[in-house]
Each structure stands twice: as structure tokens, then as C-alpha cells.
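First chain A sits with chain B, and in the next complex the same chain sits with chain C.
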Partner chain A sequence: MNKTKGESWIYFFLGLACFLIPGAVAVFIAYDRGISFAPVFMFAGIVIWGGLFWLFPFIEKKVRKSQKKITFDERDQLIHKKAVMAAYVVLWLYFVAACVITWCVVGPHGSISVNVMPLTLLGGLVIFTLAQGLATLIQYGRGGKDGEE
Partner chain B sequence: MNTPRRNAWISLLFIAPLWLIFGQLPILLIYLEGPSFLHVFSFACSTIVGGLSWLFLLFFNRKARKDFDERDKLIFTNATLAAYVVLWLYFIAACIYAWLSVAPEHSISVNVMPVVIVGGIVVFHLVQSITTLVQYGWGIKEKNHE
Partner chain C sequence: MAKNELNNQVRRLRFEHGQMTQQQLADKVGVTRQTIIAIESGKYAPSLPLAFRIARTFGVPIEQVFVYDNEL
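Then we have the complex of A and B:
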């Protein structure tokens, strides 16, 4: 199993706990104690960090350009980009589905709690993380048959 | 002007403004006439097509694929990823703005969600086409494609 594949397994399992639980806690705090800087900042930080975490390998590669040991080669980059694009397709379908279902359930003249929006965004983050991890693992072939120990 | 750059100009000048104007129409129709299967189905289909039209260009359009070399593909992929980054930030901004402007214990109209989705399509097309044009260098002539 190479480094990227190992990271995608970690991302697959820990990503959910790292983003979903603190994000839901931030929404709950804002709902319970009223809107304040701390929960909004916490929520914004989590969704920005979680949603754009896929940029990290590219930034890391640029920062460590001088190092001779290559841990993120061309093939890894291609797999990573394809996985991110697949995850964004799934994310878009999720957003459309969430929107249409809410619209049909509530009716066009109805109203929803404003907390539905951050919770939908958190759901989107979870879906994105899962889809990206899954797409990466499928492209690597899930097992350890990638020519590496 | 090569095909990807022409597509970017069309997207920037026509598709994004058209989505901005006519994308709200199904929402207004459903609001005025009530939800019918046809209206909701057409909205769902149009938003799916609007958000994922780049897939058609990349995978299914044989004519476009012939004009796509490795460099074009790389530029297109980078533009799409950049557009998705901005789209994600737009969704976060829309969500936090709604959260801050309306207190967490209050409600908002359910129509805000489809309006945000349609706005997302406009943002996506704008950013994707601008990023494509920036990568090609706006109007600079290319030796390989002219």
C-alpha cells in the first residue's frame, strides 16, 4: 500500500468524524445559545478545511519541491484529480436531490429552519469525503497490488 | 480560436447570463402554480445538466474530444476544479449569510434552496470559463491551434 492510498483510507474513516461531529456541534451551539462569532467561525473553518482538504497534496508537493523523494507522482496526481471530480459530481447530485426533496416535502409556500442549510452543507461534506475516498480506493484497486510493498 | 476557448467565451457571454435570467423561471412557476411533477422534474433535470454539462464535453462529445489534446484536457480539468473550489466557497458563503441574517431559531422560505442552487450554476460557469480563458491567455494567438 503506497502513501497516497494509506492516506485515502485514513481520510475515508477519520474524515467523517473530524468534520461531521464538530460541524454538527457548531450548528447545535448556534441554535442553543444564539449566533455568535465562535460557532460560526468553527463551522466555516470546518467546511472550508474539509471541502478543500483535497488541495493539500498539491500544496505539499509544491512546498517540498526540493526534496528528492517523490511521494506524489504523476499517476497519483491523476488518480487524485479524477477522484475529486467524481466526488464533486456526487456532491452536485446530492445538493440537487436535497433541494428538490425539501421543496416537495415542504411545498413552495412553506418555510424551513435556517439550520437546514448548514446541516445540508455538512451532509454534502460527508458525501464528498466518502465519494472521494471510495473513488481513490477503486482506482488504486483497493488491495495492495500496486507494485509496492 | 480553438474549440475549448470558443466554448469558454460562449459559456461566459451566453450560458451564465441565460442561467441567471431563465434559471429562476421554474422556481417562479412552481411558486405561482404549485408543485407539479413536470415542473419539479424539469427543474431537477435542468440543474443536473447545468451543473454537470462539463462531463458531456469531456467524455461524450466525440467531435470535441478530437480537438482536445493533452494540454487542452489539463486546462479543462484545472478550470473545472477551480470552478468547484469557488462553488464550494459560494455555498458556504450563502449558507453562513442566511444563518447570520436570520437568527438560528427562525425560518427561511424553502425557495431559497433552489435559488442558491441556480446561483451555484451561474458561479460555476462563470469561474470555469474565466479560468479557461486565463489559462489560454484570453485572446493571445497560439501557434498550435490557429
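Then we have the complex of A and C:
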């Protein structure tokens, strides 16, 4: 498993975790409507996403600095580029869906909480991460026919 | 429907050059072993500079390594 593929697995599972944790919190909030955990949840989400997801490559780069072995080449670069493009498409579809669904749910004369805006943005970031990781893994073929044994 | 395919002789040339391993070739041309595997299996078409580096490693012209088949 090369560097990019390893990172993609991490991105994928981090993205998935960022979905599952807020999902569980949302269920809890729906169950207990008396107290709103939205600000706490948002803060936790940003810390998890921003801290772990963004800092990991820098930490990993520091650790691997001493190694001179080639771990990233033109093929990895091409795969990364395609994955980012795919993630942008998914992100765009997500924002379109978020807008349309909100309009359908609250109606043309309804109103929504301002908390929905940062939550939508956070969801977009997570969706982007998840889609990029998944697209990268699909392009690597999960190591099957590439014979990365 | 046109079928374009880039065939290569990398695997054969490796064995003709003292049973060179994929890792050895990868180190010489500056890519990962996975990329060599992908090139040999025809899953990835290398860039022109990389194709030249592979050909020079084997000491042969590029057209002896990569053959473009254009079947109409």
C-alpha cells in the first residue's frame, strides 16, 4: 500500500466517522428536544474534522521525512487530481440537494435556523473528504488487480 | 468503434536485463513499484518523459518498449 492509498483509507474512515458521530448526536437531539446540543456538536465536529483530518498529513510528512523511498509519483498525482474533481462534483450536488430539500421541507414562506448554515457547510466539507477518499480508492482498484501484495 | 491500446514490452525487457525486479526498475526511473505494475498490465499509460526514462534504462528506442495499436 503506497502513501496516497493509505491516506485515502484514513480520509474515508474519518469522513465516515464524521457522518456517524453527528448522526448519533442528531438522533439524541431529536429524542431529547429539551436541550439543544447543536453548538457543542458543531464545535466537536470542527475540532475532529479540522484537527485530525488536516493535521494528519503534516504529522505523517514529519515522520516520513527521513525516508528517501519514492511514495508519490505521476500516477498518484493523476489519481489525486481525478479524485478531487469527482469530489467537487459530489460537493456541488450536495449543495444543490441541501438547498432544494430545505425549500421542499420548509416551503416558500418558511424559515430556518441560522444553525443550519454552518451545519450545511460542515456537511459539505465532510462529503468532500468522503467522496475524495472513495474516488481515490476506486481508482486504485482496492489493490486487487494492481497486485500490490 | 475505434479501439486504442498502448502495448508494452516492459516485462520482457526486465527479464532480458538480468531478471530486473519491478522495484529495481521503479527506483531507476523514479516511480513507485505500483506504477510499474500498472504500466506492465496496461492499466496506466505513462507520460512521455517516464516512457523515455524506461526506454533509456533498457538502452532501447522508445518504440521498442511501447507500441500503439490503433484498431478501427
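Rule of thumb we're sticking to: the second predicted complex is superposed on the first by the 87 of 149 C-alpha atoms of A that agree within 3 Å, B and C clash if a C-alpha of one lies under 4 Å from a C-alpha of the other, contacts with A are read in each partner's own complex, and residues count from 1 in each chain.
Just so we're on the same page, a contact is a pair of C-beta atoms (placed from the backbone, for glycine too) under 8 Å apart; a residue touches a chain by one contact, two chains touch by 3 or more.
Nothing here was measured: the structure is a model prediction, and the numbers come from that model.
K.L.:
Contact-wise, after the overlay, does A:Ile10 reach chain B, chain C, both or neither (first, second, both, neither)?
P.N.:
Neither: A:Ile10 stays clear of chain B and chain C.
K.L.:
For A:Val100, is the partner it touches chain B (first), chain C (second), both, or none of the two (neither)?
P.N.:
Touch partner of A:Val100: chain B, not chain C.
K.L.:
Let me test your reading of the model: by the given contact rule, A:Ile21 touches which partner, first (chain B), second (chain C), both or neither?
P.N.:
In the superposition, A:Ile21 touches no partner, neither chain B nor chain C.
K.L.:
Counting touched residues of chain A, say whether chain B or chain C comes out ahead.
P.N.:
B
K.L.:
Would you check which partner chain A:Arg75 touches, where first means chain B only, second means chain C only, and both and neither mean what they say?
P.N.:
In the superposition, A:Arg75 touches chain C alone.
K.L.:
State whether A:Ile138 touches chain B only (first), chain C only (second), both chains, or neither.
P.N.:
neither
K.L.:
Do chain B and chain C land on any of the same chain A residues, and which?
P.N.:
The answer is that chain A has no such residue.
K.L.:
Please output the residues of chain C touching chain A within their complex, sorted ascending.
P.N.:
Touching chain A from chain C are residues 26-27, 30-32, 34-35, 37-38, 41, 43-44, 46-47, 50.
K.L.:
Note which residues of chain A are touching chain B in the complex, please.
P.N.:
Chain A reaches chain B through residues 27, 30-31, 34-35, 40, 43-44, 47-48, 51-52, 55, 81, 84-85, 88-89, 92-93, 95-96, 98-100, 102-104, 106-115, 117-118, 120-121, 124.
K.L.:
Which positions of chain B touch chain A when the two form their complex?
P.N.:
Those residues of chain B that touch chain A are 30-31, 34-35, 40, 43-44, 47-48, 51-52, 55, 77, 80-81, 84-85, 88-89, 91-92, 94-96, 98-100, 102-114, 116-117, 120.
K.L.:
Contact residues on chain A for chain C in the complex?
P.N.:
2, 70-76, 141, 145-148
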